[in-house]
């Protein structure tokens, strides 16, 4: 099933590049959705189906929609941006990220992981048990964090009452 | 496992559930809300009775003494914190007391709070309190006990300040909360230490719990002493022992049913219960129990003296409660585990009776609480009068009433108090204080009764008083019956209560001289008091005979030894002054002297400098300055306030570090 | 045969694409998008390690789930902040919001 | 009888596979993966062929039923009782001109209907249509359904935004706000079933709704009757809709699915009188047909999931084949949807949001609690009662909050 991985990899890299290179923010967001879907595909190919589905639900269903809403609220409706990511001032950004990429790839080359993949069959039940037993405290903390984030987001984004004079 | 142990949690859960449902109800649904609360409480009482009955039937074999139902509560990683519920004679006794008194107080509140617009809120809080108190009683873990302890404190806070629009009530609720918090801090440290020392949070767990003999034997003497003293801090705060007793009389700002339930019968006894629960740890080091005994004895006497000179009907009872709690602590401290708890048991009923009786009086007198403005209620409120007299006799320790038996047992145990590490003189303190306290108790109770019920009415409130309705008098009658009946459970020499609580241990043999002596003291006190407060003294506008005779002493007592003022002058003032000093220090020394001073010096120096500069160095330095400026241009580029820029530099730095590591690794 | 290294290379590339997005774009929303991509690269690593070195402990999957949750919280708060910032400055460009600069 | 039908379908599948394998074997050396791929392609083709056909019939049925509700005839010119109307419509849309507005964002404008159709077809994969008839038996089936379903939001936004038409954009934003809001009760009501079954797999959810009560020693006529009764009870009694939490879960699920599908009475995103046709205002010809296709396929899929989760899936007394039961339930639910469309007035925007957040959300949260209670109480009868009491009480109290003020009697002054 090698080709699945390669197709997904090309898909992810392509859509990721599209997502950061385009000038139109809505196009970026649409490419980002494709990117998220590709990541979900990677999770499926790694037999983490639950995570893949969660990825689609959270990223495509929620975060992408949030980003689209944010674009709609802060930009002109067409979503065009004035500054291109290829302008002169961005050159150092490109150099820095390319350098990091080189470093990462170099270090990866040094340590080849030649490990055979024994498919470990896990079910939803295992995930549920892990979440409720071994990881109960992080789970609670995360739920608290999400609640706090929800309340915080609402409070921050709430329109301030106009002062009457 | 028997059904009742398996489902012990229901006893605490039902009031919680009722509180939750009642909290969601609209204000107008008075009947539904109180009905649900009372129904849940009745179910809890039934279950408590079933639990007690099971324990009685199971007999006294050692395995059945501590029936536990433990469960995993919070797993993190591979460690699991376990909690559990416990059924043993101690918890069974407390379950009965708490649920019985709560039920009666709830019914009483139906009448007392009838006209209050926040009726449902009141019942919600009451039910919340009852649930947490019951959870406290059945907790099989110091952690769970602490949680319930805090919930109990919270509901007490809410109920004291139930009429929070009154400034005094708002102040009292804060005072209660903060004062008990001081004790709770000690308790919490003790909890952590205990957990650390024993490695488990459970009390009993098939021989592996913290209070099981195997774990107790590991506990060192000094560790045991510190743990017990720290835990005792919590008990001191909650049970209003000296020096943290100040909140309890103020807590009388709450509605009277609350005073009866929380600040007389149940919650304040939680401290005594806590000491009883941790008794095996206290026993390890005798010093711990001695501290308990002395604190208790002192509180018993100290509070009784204050009660003699109070005017507020509820405050007299409040100080009496403090005093009686001191008795219980003293009983536990002198080694009378059973006698202390027996006094808790009987006291709960007759003190609830007295408070509810006073509630009935206050209700009848249009919320007048000053006993100088009452009088002559004997004929107007005959049912209340009879019940109140029974409660008063029980509290004073008149023979054949409940208080007599339990107080006598404490005194008996105090008589046998001969610890090896104390001089003989010191070991006599509890019994002497106890006897004086008994005298004072009888004295001030008679004084109160005389003021309230005898003579002629001294105010229009008392003139128009009439008997309260049956929701208020029925609980009084029930409690009066209990105030008589419970005493016989501890008949000297053949104490059923003793057998139930601690079948293995033998009680001290009855001392007839002591008994006769204490009876004599009580009767003399009653007689003296009745003689002093008669005739002229009960006339309107008359001065209290004691005040007339011992004016300065009376003033001191009336002002509670100026303890509140003392705290105000010392701790509060100290904190306030200290913070003021800090502010001054900040403003004048740090800001004024150092900052301004150094600024002036620098300014002066710079003036000098300017002269030198402009004259001599200016020209030569200009070039150097220019190069510095170029350098700082570069620095400015690094530090330009753009997060993207920082990230850029960070990633480049990572790359450079990596390359460096690579080079160093090569060579 | 796809090995662990393949996945790690993919994650590295994705991470650097995200990094480039964060570094080169001027719009704060796009910075956030880049951050999300970097987080996703981390998730790929977590899951790949779980799959190849993995055990029944499922630490990798669990941490990926927590990372997704944190990313969700971050996106919600971040975008709320952006909207508040926009309301104030009428702009969400990271370079032009510089009133803290002296 | 029942097994017989199932067997026929199964046999047909087998025969096709056999034929295909035989055809493959004619080649010199057929690769090992070929039969699997062929089976896969066969399934996909089956789904893609069947469901559009159902879609075509549904459009006809909807128009016919609406016509009957509104006292008119509906399509009746093409074919007997207008039965060939969908074919005529199909030909018409295919041959129509494809108009794209000049300032529209062309790539996204084109992609939107495609994504919509893909998303709606994806979810069908996890629906168990009959005994052993499921596209892909994932162990996260239900979650997959919701995940794939959430993609359709994006397609609607893309359509609305790319059209460069304010009605389209308004419709798209309305649709997203509505779908995001209603997705929460939509998912939470399904959580109860997942919780009780202990699995996300749709096939396991269906098999959990079968009971296995047996009659001892079937002899004589009385026992035969008992057997029949037991048979009916085994295949109907286990449906979750007969439990209180299941009933409320079903109602919540069905109601919020109406909003998810943007169907009446929650059809604000497509309200003709306000915003022309919402996000597909600027679509014509085949793209418009694709949107219609995706909407109806989603409708079928949601009804299919509702019957899988709550109505026992393909379970039923052995009078019909298993897929027969499934489609019977799906068509009944779809009939109810059409019926609602014919009879309910449209909601206002604030009513729509208030209904989701103030009523459906708390109700579905309490429903989860009551399902947990039902699960943990050992006695079924007592659990049923407790669950019913909680849900009844919750319904009673929450419904108070929905009605904001009394509706006054309207006085017609000029009529």
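Some observations on this one:
By written order: A, B, C and D. Residues from 1 in each chain.
One rule holds in what follows: a residue touches a chain if its C-beta (ideal position, glycine included) is under 8 Å from a C-beta of that chain, and two chains touch if they have at least 3 such contacts.
On a predicted model such as this, the values are computed, not experimentally measured, just so you know.
The greater number of contacting C-beta pairs, out of the two interfaces A-D and B-C, is seen for A-D. Between chain A and chain D, the centres computed from C-alpha atoms are 30 Å apart. Each chain gets a centre from the mean of its Cα atoms; for chain A and chain B, those two points are 53 Å apart. If you average the CA atoms of chain C and of chain D, the two centres end up 35 Å from each other.
Not a single residue in chain D touches at least two other chains. Looking at chain B, residues 644, 648, 651 sit in touch with two or more other chains. In chain A, the positions touching at least two other chains are 50, 54, 62, 69, 92-93, 96-97, 100, 134.
The touch graph of the protein chains shown belongs to none of the named shapes. Residue ranges of chain C in contact with chain B, taken from their complex: 19, 22-23, 31, 94-95, 98, 100-101. Taken together, the chain B residues at the contact with chain A in this complex read 74-78, 644, 648, 651-652, 654-655, 658.
Contacts from chain A toward chain B in the complex involve residues 92-93, 95-97, 99-100, 102-103, 107, 133-134, 136-137. Contact residues of chain B toward chain C in the complex are 640-644, 647-648, 651. Chain C makes touch with chain A in their complex at residues 1-10, 12-21, 23-27, 29-30, 32-34, 36-37, 40, 43-44, 47-48, 50-58, 61-62, 64-66, 68-77, 79-84, 86-87, 92-93.
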